[in-house]
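Here chain A shows up in two complexes: once beside chain B, once beside chain C.
For the complex of A and B:
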């Protein structure tokens, strides 16, 4: 029974996403342009990596191809999250325009409704280019094709996507208390993405520790990439850390859910 | 008192001592800020019976929308008890959502970029309404609100009046027991206003759906609401019919008479005052207790009465007086 209800709830959300795709596709020219510009965006980030390696052949112990693998894992995870929940940073606007109220009077979960009503279909371009970059990197870095590696190549971007989604949701929720929270949100999401795009050895001391372990960004791409490249961590961490990203993603998602619930409760008691 | 059940219960809405406090921060100096608690809704008691059509009135900022938000489960009350359809709105939000319909005049329930028809199809799935039931209700709304000409138009291209008719339909397709309308006729053209009013009047007459309506439009009230609750500064200052409102705020009927020649002496009747004399035209104002019949027969006995008209008090005047009054509190 519960399974049937869950399945039909999933079907409702599928319809809502489909409606969103149709909505956004109704502005045809702008839809196509957006899709393309999102491809270009990733190209610009990629160009940065290439420029750096044009000057130095090895960066903090990692070659260009190694770095590309880290970059590919990170950007695919991030672009998936951006596609699914990236628009949640409009939270403050939803409060102001009353969308949040409109969502609260429908018999569905609040967060899920906001996510599907705002899904950034146009960001699909970034996901596609993320897949391409990762595939090229896997090839160039000559990652051995083993079942374990293939599994890791699927699990890591997905866990990364969940992790980044959690960061998006948790930081956007801050808008319930603090209107100008956009900066904090951007610092953590885009900053986090940039941090995970390069091997951690690039970064120094306390900053690395804070972001890698304190906030968990080290698990998004760096440790899994070490396993795929079959090399030990120059910083001395055990290699099994590369398999921990799903656990971390689950913890982050749980924390984000908690923050979200608190935020909605706050809204319902303060009305702002 | 038990207000449970779809059919048995009498009171669909029950609120006792309902309040909502907001904390506002007031800047005192550069660094010092003071927190002040403001009661947006300050102890409202309200019971609404099944099938009633209730007008909920008040000036801007009186607490109307805040009350509606507490009744629909959007906001958590700071105090008091509230039950709608036998449910407590906030903790039972999803159960309640299936049994109420809400139209916030400022906020659309429709999908902006899709044809109107698509929104209804999506809502059918969101509310899990059986296809046949949905089709029947949609058919009825299509007829009464004349939706057919724009059913396939993207919502963003609809006029405000068309959109509001669309919103009303959207709120009714799952067969809600209570319909909450926040300013449903605001900004509409005359024709759309009439269409919406006519529809609501019919909905009210059928007696199945309880309607709570906030509005600034006094014609809405006169046309639709037999019961009016006026709220000001977060408190109920009037609860009753239009007549009671008139009586309470001393609104006056006017009798205007034209004579061939002005009579030398006028009858003195209790509660009747001569307001003005312009040529052969006299205007009298009557207090609530005075009878028009008595006045008319007294005047016609004078002879030479040519024309006569009676003007009912304008609700507008009453409400304006109510809003203007210093504290807005009812005289007791």
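For the complex of A and C:
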């Protein structure tokens, strides 16, 4: 009985997603342009790294190929999260327009409904280019092909995706209390991506401690990259930290779920 | 039968007092409107500040490496790069680099027709409130990142008194160029059903070629020259910031201002021409 209910719920979500994909793909030119521009956006971030290394041979102790590996892990993790839950940053609009009221009275999970309302198929472009960048970076950095490294190369982007998804959801929750919060969530989502794209040695003082350890962004790409590059942390952290990203991702997801539930419980309609 | 035009008769401005009155009224409306978006201003400022920290550390690492190999990073020292980043984060809000889709939205919905009935040229009718908005942003979104950056890092202060008025002029020109660019991109909506792609292209170009992600002079010299002379984007952030951190001697600063003024003139001419063409082809569906 319960199994049948679960299967039919899954079927509903499947149909909702399929409808979204169909509707987006029907504006063909626009869809292709969207796909392409998402690739270009990643290109812009990549260009920044390349231009910086055009000026200097080494950045805070890391070469271009080392930095590209950190960048690749971070951007693949981020783009997967962006594909899965990136559209949650429209929360404010949902709260302001009252769409959330409609969602709340339907017999499906609130978060899942919001996520399938606007599936970002166009963001597939960014995921694909993320995979390519990471593959090239692994090749250039001459990462030794061992089972452990291969496992790490799969686990790290996935853990990064879960971590960034948690950040997306937790920061979008702000809209429950603060309707007009504008680009606030971008500070930690896109800001977090930019932060994790470079080796932690770039940053200094309290800022590094707060973001790398306090908020956990250091585990998204930097520590796993150190294991892949087989080099010790210039800042003196033990190398097993690189394997901790799944634990951290799980903790982040749990916290995000908690924040989200608190937010939904405190939700009061704007009345519009 | 008289000749029927799509637009209302334009206000004839007879003297300076009337012009000043128009500027004051429309400018103040933009200022007032944006001063009510308090939450959004705070949120945007926090985000600019976060990016300010990340970019400052990256630029300081660049300056550090450049010094280690016995040079400067494309002619900027560490303190200049710090000022570059924080003033840049502040200017994003002043010029309003992204996110302005008002005209495109109004074209799609058909509301744009009321703009044509107003006795002010539509370009001017959008420009003046935008100047008011920029003035408000200058007092809020520009000041906060500068203060935070100055507290957290060693910033470069201009050494020549003449730099300050030149920076002021440069910021005004940047606001004008950015407005004209946004107006043109939005006006693509007269011909295209879906302007998202054009708006996205503007966002990428403004960020990359405008000097936000990295100073354009980090590029190889031929590429930097091509971007400066061939595109309006450095006029948005790069040129005001170059003027502020005194990257060039006074003559160079004046040259950059001239380049900005040239782009402002070109883009506004384009705005007026595009608007004239658009008024001829605009068909508002009833409803």
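One rule holds for everything that comes next: the second predicted complex is superposed on the first by the 254 of 272 C-alpha atoms of A that agree within 3 Å, B and C clash if a C-alpha of one lies under 4 Å from a C-alpha of the other, contacts with A are read in each partner's own complex, and residues count from 1 in each chain.
Methods note: a contact is a pair of C-beta atoms (placed from the backbone, for glycine too) under 8 Å apart; a residue touches a chain by one contact, two chains touch by 3 or more.
These numbers come from a predicted model, not from an experiment.
Of the two partner chains, neither chain B nor chain C is touched by A:67. Residue by residue along chain A, chain B and chain C are tallied for touches, and C comes out ahead.
Residues 27 of chain A are contacted both by chain B in one complex and by chain C in the other. Listed in rising order, the residues of chain C touching chain A in the complex are 37, 39-40, 43-44, 46-47, 49-51, 53-55, 57-58, 60-62, 64-66, 68-69, 73-74, 194, 196-197, 200-201, 204, 207-208, 213-214, 218-220. On chain A, the positions that touch chain C within their shared complex are 27, 29-30, 33-34, 37, 40-41, 44-45, 47-48, 51-52, 54-60, 178-184, 186-188, 191, 194-195, 198, 201-204, 207. By the touch rule above, chain A contacts chain B in their complex via residues 8, 11-12, 15-16, 19, 22-24, 26-27, 97-99, 101-102, 104-108, 265, 268-272. By the touch criterion stated above, chain B contacts chain A in their complex at residues 20, 22-23, 40, 66, 69, 72-76, 78, 90, 93-95, 97-98, 100, 102, 104, 106-109, 111-114, 118, 122, 125-128, 154.
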